[in-house]
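Okay, so chain A shows up in both of these, paired with chain B first and chain C after.
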Partner chain A sequence: MKNIKRMLRMHRIFVSQEIKRMMEYKGDFIVGIIGFLLGQFFNLLFLWIIFSQIPSLVGWTLEQVIFIYGFSLIPKGLDHLLFDNLWSIGHFTVRKGDFDKYLTRPINPLFHVMVEKLQIDALGELIMGIALICVTLPTLAIEWSVVKIILILLVIPFATLIYTAIKIATAAIAFWTKRSGNITYMFYMVNDFAKYPVTIYNNFVKAVITYIIPFAFTAFYPANYILTGENPLFNIGLTVVISLVLLVISVLIWNRGIKAYESAGS
Partner chain B sequence: MKRKLRIYFPFINAGLQEATTYRANWFFMILGNVLGCFVSYFIWNAVFLSGGNDTMNGFTMPQMVVYIFLMFLTSTLISSGGTYDIGEEIRDGSISMRMIKPISYNSTFLFQELGNKIMTVCILIIPLVLGVEICRTIFTGEIQFNIIGFLLYIISCVFAYLINFFFNICFGFIAFVIKYLWGANMMKNCIVGFLSGTMIPFTFLPDFLEKLFLFLPFASLNYTPVMIYMGMYSGTELLFYMGLQLFWVLVFWGLSKLLWRVATKHLCVQGG
Partner chain C sequence: MIYVENLRKEFKKTIKDPGVIGSLKALFHPHNEKVIAVDDISFNVPEGEVMGFIGPNGAGKSTVIKMLTGILTPTSGKCTINGKNPAEDRKNYVREIGVVFGQRTQLWWDLPLRETYGVLKEIYEVPDDKYKKRMAFLNEVLDLESFITSPVRTLSLGQRMRADIAASLLHSPKVLFLDEPTIGLDVVVKDNIRNAIEYINKQENTTVILTTHDLADIELLSKRIVMIDKGKNVFDGTISELKSKYGQIRELHFETDTQNADKVLAYKEHFGFVDDDISIKTEGTGVQVRFNSEVVPVSEMLSYTLGKININDISVKDADIEEIIRRLYKREV
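Let's turn to the complex of A and B:
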């Protein structure tokens, strides 16, 4: 208990440091947010143009597709906001020998890496995600209940965890290979599949994004539950289970990696 | 000429060595991007299924497949990292080291990147073009590959690369204004990506936008080479669009020279 309290306090200190840094470079932080907003904007434009030519996408309406898309941005944005620093491990921290710094400090290295930075650019994704959900919700006939709302709020942190776990596991590969940034990138790109209804994919892709690199649980399955109310055991329950399993695996890989780590460079 | 080659050859060599050292990392990045192509493929597949027609705005599904993968190939072939490099050098001041050397600033970048490209060209073109053509042959039942179209595509890609190279150099000077290059670069990539047709063919857009986009320099980046490969342009049209590419090469080449002059006068390196 004392440990968790200490970690929370550390987290607060790191965050406040980051906010001070951001205030120093206000312009940069606006540029970053606009950059990410713009990226999402063009994706939406693409969907909109496509839907102007067809009545529905294999049974999904424009509003439904946009809702799923918007929902996918929430876990993605949260992970991006809080744990973006994991990228730098595979890209340069290990290769340049800078990882030593984490090992010499009296806090858990993984925790330290994760909370060291706050990536404010992610607000671009979060703002867009919330806006899309708010715009499409009134047009969708959704039945609400207290249980449903609780389940939805519950599932978001677990969906976020899927992103984080995949980043931890792939970043840890750098402990053996010195560089793994693009392995993380490759796995991360799979999340693009999850932004759209999985019914447009063939069985092979469906199986991969459900059971192997389970990004479908970060977006489509929970969003599908919100839309239809069907199958909470699979759509919500499995999201929780899979994210926890992934987290355990990724922490195991990370810990083995740290044991194998040899400082690099001069 | 011989002297120039002797000066710049080490840069080509350095670029090639850099590329081969980090080839595993590069390979994973390419794999990630290929995954992105498959997302597009499945979306378009669903679109064609839902639309019920064989052709949409002049594209059939097999043509769309060619379009998606050729767009990816073209973007990779013509990509250029000038923005980031020049911006970083302005920021940390190492640009001054380049200025005191008796060689052209742009050329050193260009040759280093060309060395880097050798690997991309060797590894990527053959499997991608082969894969696309085999797919197309299976879909349509006859071989559609056109060797002249392919050669024109390569020439068009060279023009496109030069436009991209000089455009990125120009954009790199934005580091004088915006310090956060990563964000600015991201914004640029989104806009250029859309305006160069990587997301959706221009024929899907309203008429006036299609016409406008065709004349902007960005269409000369990805759209023109891919259209040439697909045999959509012929005769005078072909000449016109390749001429337009050449025109934009010259414009951005001139602009980068001009900006370089202005910038070096105003350059103020902090520290050393």
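Let's turn to the complex of A and C:
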């Protein structure tokens, strides 16, 4: 308990540090915001063009597809917003020996790396995701219950964790190979499949994104539960289990990796 | 306080043929070679001592420091500091140590310096009242006042180093590791930093391990030297021991109007010096001769020189530590 309190406190401090940092370069910050708004606008335009050509997709209505797409952006955006700094491990932190700093401080290095940066760009995904959900929700006949709402709120952090765990595991490869940014990227790109109903894919792709790189659990399966109310044990329960299993595996890889870390000459 | 026993660190290195083709070949048929960076190093440091840790570039100093600070896991051997094993009990251990790598910084680059101390206070859980006192103390010793509100990226190297040392001392560590803390600094800043280290060592009985290439740092700060080369212990003892053991080098300096004095004197041929035992430098009318006084006693050198050429002025100097180290570095171990 004391540990969690300290972690939350440290998180708050790192976030405030990050915000101060952004304010230090106001021009960059403002241009960044403008760029991100423009980017989201074009994204939306693109989606609208695509979906207006496809009235329905293997039994899924246009609104349902957009809802799933919107839902997929929430866990992705949360992970992107909070834990984006893991990318830097695979790209340069390990290779340049800058990881030293994390090891000489009395906090868990993984936690330190994860919360050190805040990726404001991710707000775009989150806003977009929420907007798409809000627009489609009234048109979908969804049955609501208290249990359902609780389950939905519960599943979002776990779905986020799937992204985070995959990033931790692939970033940790850098401890051996010195560089693993592209491996992370390769895994990360698979998530594009998860934005659409899994039922549209052939069995191979379906199996891969369900059991091997389980991005389907970050979007389609939970969203499927929201839409249909079917199979909570699989759609929600397995999301939780898979995310926890992935987290355990990735932390194990990470910890082994730290022992193999070689720093860099100085 | 610090016990290092038979410490060893191996790295794996992939050997590649040159060029793109070589890199591609190594991708499919990697040929690995074991590199021994640290080979059986042992030493102890008692509490409150400043130990000078020296050796040529690539000797393995930084690798040892990184094992002692918990950054690298030793391949074999043991180090115990404050009764703790850095690699096994890292989180608790690092609370008791401060680390400065002169070539890197742990300061928050984009923010005013003060913000770094604010975060480190939280990381090390320093209580408010202690933090205030500590900052006042560090400010007094390292004179941070004039730049504490400036963003770190705008600091000069000297300011940054002082700031980094202060950052490593914020939590009052028992052991301080300084890896080249005076690198690239001007004479005045070097003096400031040496004084600060000395003051903190005296005031708080902090144990200090210091690596440097500036031997003045060592002479001013530490009585004890551990020297390593190619990953192995070469020397462990006090500076005076080093001088008496290797300090047979004397420096003879004289002014002469004899042309080509070094040719006329021909020390090497006359006394049978080997390469390492003598070196001669001529500058205008001044000649500087460094020689091993064990091979030829000073008196003999003097009388020979005085008898051979016309001398206007002559002096004999003790070897300085720099010369001893230079010879030790050059010598194959």
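In the analysis below, the second predicted complex is superposed on the first by the 233 of 266 C-alpha atoms of A that agree within 3 Å, B and C clash if a C-alpha of one lies under 4 Å from a C-alpha of the other, contacts with A are read in each partner's own complex, and residues count from 1 in each chain.
Heads up, the rule we're going with is that a residue touches a chain if its C-beta (ideal position, glycine included) is under 8 Å from a C-beta of that chain, and two chains touch if they have at least 3 such contacts.
Please read these numbers as outputs of a predicted model, since none were measured by experiment.
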Practice task
Tell me which partner A:D100 touches in the superposition: chain B (first), chain C (second), both or neither.
Solution key: second
Exercise for the section: Mind working out whether A:I54 is in touch with chain B, chain C, both or neither, as first, second, both or neither? Expected result: first
Practice task
Check the residue A:M10 against both partner chains and state whether it touches chain B (first), chain C (second), both, or neither.
Solution key: second
Exercise for the section: Figure out whether A:E143 sits in contact with chain B (first) or chain C (second), or with both, or with neither. Expected result: neither
Practice task
Give one of first, second, both or neither to describe whether A:R21 is in contact with chain B, with chain C, with both, or with none.
Solution key: second
Problem - Partner, of chain C and chain B, that touches more residues belonging to chain A - result: B
Handout entry: Common interface positions of chain A, toward chain B and toward chain C
Key = 25
Exercise for the section: Give every residue of chain A touching chain C within the complex, in rising order. Expected result: 6, 9-10, 13-14, 17, 20-21, 24-25, 97-98, 100-101, 103-108, 259-263, 265-266
Fill in the blank from the handout: Within their complex, chain C touches chain A through residues 11, 62, 66, 69-73, 87, 90-92, 94-95, 97, 99, 101, 103-104, 106, 108, 110-111, 115, 118-119, 122-125, 151, 179-180
Problem - Contact set on chain A toward chain B in their complex - result: 25, 27-29, 31-36, 38-39, 41-43, 45-46, 49-50, 53-58, 121, 177, 179-183, 185-190, 192-193, 196, 200-202, 205
Handout entry: chain A contact footprint on chain B (complex, rising order)
Key = 22, 24-29, 31-33, 35-36, 38-39, 42-43, 45-47, 49-51, 56-57, 178-180, 182-184, 186-187, 190-191, 193-194, 199-200, 204-205
